[in-house]
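Letters A, B, C, D and E name the chains as they come in the text, with residue numbers starting at 1 for each one.
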């Protein structure tokens, strides 16, 4: 008897941030996933099973997250976890998922730790921050001649991974790591840090900041007249609102992420349909994270299909490992295998032009 | 040697000279009263003895020891207890607890013992409680033993404050206007209490009071203060007869 | 007795479960001075607080100039001209003497008259003039009491509720204050309700007196009549055979109980 | 109505005022002990969580409720307790030693912090401690060689005399462990309250001037309160670490500090009961809301994230109502209900009506 | 040159902290309550303005929307007092602290529910254009913040010091009962101060939103404003401004000259440092009690 599965239903859970500092990520992602599951359920479910998706709000706090896990595992008896947000929360969750073999799919953090041993039950959808930075820096060094690389980051696992990756790629490429600054999530002025980095003659700065902060950083640099510097964001800041800041503030900002921006591809049918459905359902515009949620849910639906009517943890994981498809919505190739628990391996590099993200390159 | 000796004490608050080169001494076993117009510096003298204020100059000694060497919380250890003009009790505690805090200077146990509530702590508690019960009996506070201070009438609080000071078994008791706000009847009680405190318990009393009836009833010597300086000193009768005191403080008695 | 300005009917007040006023009725006539005597905890302060709206009565009526004012917000009651000089000073400790006095006249708008009244207060209590800018919290106890009374006068009340105005004042000042009250009453016809431990001066000033015990009025009468009562003499005026110290340490039983 | 006939001073000193209350508490403890056989893993986990919060609440209550010093920074001490316990264990110190040591270390650190902090009052202390709590996050990162910084640490399995205790695999054993700690902390708290130091705490809270005049050393007493409070909080922190299994610099955030203070205020400042009542509300209410929204969502066929953050919003609103209608905390309400029953049928219905009350400045010290 | 630039932008930022701190101090001065929701009120003020201004919502011209939202926020402040805080009249400060924290939760939820959680930018004319004086760059918004903050502080200071209502507010906070005895309508006065601080929050919000994007968690900035108010001496208006400026200025210098990982602790370390030497802030409002 596998927990979370009956003849008519399969339950997935998520410990997410719907009210805390990462609500701007968690909320659209959950919406996106729900959109996909609703479609699947409207189509009669998968092998006759309806998908129930239970989301617990953790407000980005570990104790709340632990309560969420307790409820999902011991009360709702979920079959698998999907789109759980936050690196520390996911890591804490592994302690109890692993012994029970419960799958953890598409966590909303691109930390490399999401594929730690035992890897058996863990799947991530897209490239890690680490890879994104590696590819981004390589590209900008090659194409735009960046030499003095710097980093601005939050003192969190997320920031640290980006900072460390920057240092790592800099040394592999034989460039200079010229300086770094750290910030608190509530910091709102970056004149000091930028002056410092300017004095260090940085020409490329990797960013691991809050969304709001990244916008301010780019704007401040312009204001200070420091124009010969490039900023590289990761998927954490790859949002439409960032591109759409009025006055062209963020023009020229780069981002390396695991997918291609939605808005610039609004004429692709899959994208257009998604955007329209999303808007109809939630009365909001879809963005990168809602797409991410949708894609992750799509992966799950496909895996459930592939697992066949006899659904167990093993059959599901087998199903996951056979997936290989093109995700039109994200414009990415998804492949999983017994040794490959990362769906898309590509890193797409985009830049803001005229208030929209424009794809520059795929790596 | 006097029990309490104040020599040439001066204290200013900005431009206000609250105590001005004041000297006096209190002998062991007497009741010594300070009178004087409002703002003469009487309470300030008490605060100097309690070490709440540092004098600008002068010295204060108690039983030969220099009080100025000590911190305010170490004054009680010497056996000096006091009451306050405007009542400073622990409002969110019962009368009993207030009186027990009075016993604090006799605490012998340490924190660890108290956390474990060792037999020693228990024994000490009994001793404290007995001492406090004696005070409760003495001051007739039985009906209020377990009442919160916050709901007690003014007069009762005055008595509780006296009780808290007594509970510490002091050698010197400082009373700041013990009878203010008390009715004639209660003032009468106060007078008997002060008598007994001195005679039966052997405690020296230094008090500030405006009720001349009480002052002349209980005190051996009276000091009249005005503008922080000595106006007159002597027996109650002498001071009351002093023309300067009458002019500055007592008035003619006609209402 | 002139017209009744303040009438209290069967008033009851509680502190949570504790009944502090147990059905008090009394009348205060225009221009009268009424004093309320009573032992500790009798409920005198509570009575005044209930009249001035600081406490809400549970039952009963308070009529001021014929209108019911029980249960009103205290500031509305002050606006009608009732001023309460509370027990225990209650000054604004971080404001200067001058500012405290200005607040006494908060409900008034006549600047010139206010300044005149301020001058009057300073004449009564010269020490306050000297300390105009001192923070009220650092005044001596008696000085604060003067300030509280002076502040009450700044309102130019129709009726003044005075709760132990002589508390902590020197004998000389007690005389002066009662002189001032007498003058206010006779010259300005301010009605007063006076709670005092110093029964002698209170009865001397008052027209009528009430005696409270445990929340009830147990005795009432003209000040002169009360002055003569043996009980009053024994318990409030200190007329006992106690000329020598230390005798008679038993308590006399109150006959009205 | 129960009437106590007191025949000896001992009546006021002993732990239970009468036999009845002894039975009540004995029954409570007995019930607590057999709980794992009555509840499923989910509820057992939640009860464990409530108890851990209650221990932390006791710690803060000692400081804020008893001594009148509000702290918005106790998460820092939770963190210290948690890290010290687990780092000690990683160095081979057995749990039975590491756990109390964690309390001691946190207590000592709390006392050190108190040395400058005892001069602060009210909001100044609250904000200073809050700053400490914010700094703790950065300090953990700076001390990465010990704390593993942002990557965080995993809690090892506890072994006591060969018995393995782990939150997820042996939830019942972990619960009993927490229960024992809870009972011990509660007893220590009670003992303190009936001893001189406890009274000195209350004295410092109500009037520093007269406490000084009675010979209470203000700085020492406050520092002692800080130390004890932090020690208990440290123990709770260690348990929280084991409960979460993994933790890093973000685990004990300032939000946790704030929740702790909320908890004791809502429970009722100054009482042991208050810490427990508050823990039930703060730790269990979000979960209850989540369960409720599942049910309601299920009934309406709607999704449980129809309005994101709703649970937090409702949680906030419920807290507001709690405080509006019972500013003295749940314990205050509890006392009223009890009095009502004890007086039955003589209680007046408006007996518990709040008489108007008036504040005076706290800017005078 | 660097130094001057750092100083100037530090001042501009400090003024934002100062503005929020003014809100705390106003309420504290008049009620001795500490409003932990002030940061969230600022956030709400910013969002209300954004909602009225931005084209995708109401789309009013900025100069109409701004005063309108200031008025609206004043109303909201007043209503918060009327509907919630008034029930706690006379209760302990700690309960009010908890209550306002909970209010912050609700405000954040409401803002999130209405405007979503993604950062948004206010279409403000203040956001555009920079000044350049002697090589130092200063945005319009920065200028506006500095000017408005100084004027507002001055105005509020005068209000408390000179007007009868200001005095009454101070009186009400020091001794509520005595304030009633003076005929001061304490509750109404407190409602007014909540309204006033709602308005101040709106001003802060508008200026803040002109400097960058906002989201429902923007109110967390309030924590730093607390540090500012406490450094200044909680309850002192000039202190709030001074504290804000100190925190604001220390930040850019710390990030410029300190190593990464240490710079962001500067404001809080400074706070603790100041409190060690001045336990009640620079302009201390705490007095020893005379007994």
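The working rule: a contact is a pair of C-beta atoms (placed from the backbone, for glycine too) under 8 Å apart; a residue touches a chain by one contact, two chains touch by 3 or more.
Predicted model only: the values in this text are computed from it and were never measured.
Student: Using the contact definition given at the top, which chains are in touch with both chain B and chain C?
Tutor: Chains that touch both chain B and chain C, as defined above, are D, E.
Student: Go through the assembly and pull out the chains touching chain B as well as chain D.
Tutor: Correct list: C, E.
Student: My parser should flag the chain pair with the most contacts; which pair should that be?
Tutor: Summing C-beta contacts for every pairing gives the maximum at D-E.
Student: Taking CA centroids for every chain, report which one is farthest away from chain C.
Tutor: Max centre-to-centre separation from chain C belongs to A.
Student: Mind checking the centre-to-centre distance between chain C and chain D? Centres are C-alpha means, answer in whole Å.
Tutor: Roughly 47 Å, centre to centre.
Student: Please tell me the distance, in whole Å, between the geometric centres of chain D and chain E computed from their C-alpha atoms.
Tutor: Distance between chain centres: 31 Å.
Student: Once you find the CA centre of chain C and the CA centre of chain E, what distance in Å lies between them?
Tutor: About 44 Å, centre to centre.
Student: Counting only Cα atoms for the centres, state how far chain A is from chain B in Å.
Tutor: Inter-chain centre distance comes to 72 Å.
Student: Could you list which residues of chain B touch at least two other chains?
Tutor: In chain B, residues 43, 52, 84-86, 88 touch at least two other chains, as defined above.
Student: For chain C, which residues are shared contacts with two or more other chains?
Tutor: As it turns out, chain C has residues touching two or more other chains at 15, 54, 93-94, 137-139.
Student: Where in chain D do residues touch two or more of the other chains?
Tutor: 134, 138, 141, 209, 308-309, 312-313, 356, 358, 361, 363-364
Student: Could you run through all the chain pairs that touch each other?
Tutor: Contact pairs between chains: A-D, A-E, B-C, B-D, B-E, C-D, C-E, D-E.
Student: Under the touch definition given earlier, write down the residues of chain C that touch chain D in their complex.
Tutor: 14-17, 54-56, 58, 93-94, 137
Student: List the residues on chain C that touch chain B in their complex, please.
Tutor: Listed in rising order, the residues are 15, 18, 39-42, 45, 87-89, 127, 131, 134, 138-143, 145-146, 164, 167-176, 178-179, 197, 199, 201, 204-205, 235-238, 240, 242, 245-246, 249, 251.
Student: Can you name the residues of chain E that touch chain A in the complex?
Tutor: Going by the criterion above, the answer is residues 2, 5-6, 9-10, 12-13, 16, 108-109, 112, 116-121, 123, 127-128, 130, 137, 139, 208, 211-218, 220-221, 223-224, 248, 251-257, 260-261, 263-264.
Student: Using the touch rule from the top, collect the residues of chain D that touch chain C in their complex.
Tutor: Within the complex, chain D contacts chain C at residues 339, 348, 350-352, 355-356, 358, 361, 363-364.
Student: In the complex of these two chains, what residues of chain E are touching chain D?
Tutor: Within the complex, chain E touches chain D at residues 28, 32, 34, 84, 87-95, 97-99, 101-106, 108-110, 112-113, 117, 173-177, 180, 223, 226-227, 230, 234-235, 261-262, 264-265, 268-269, 271-272, 275-276, 279-281, 285-289, 291.
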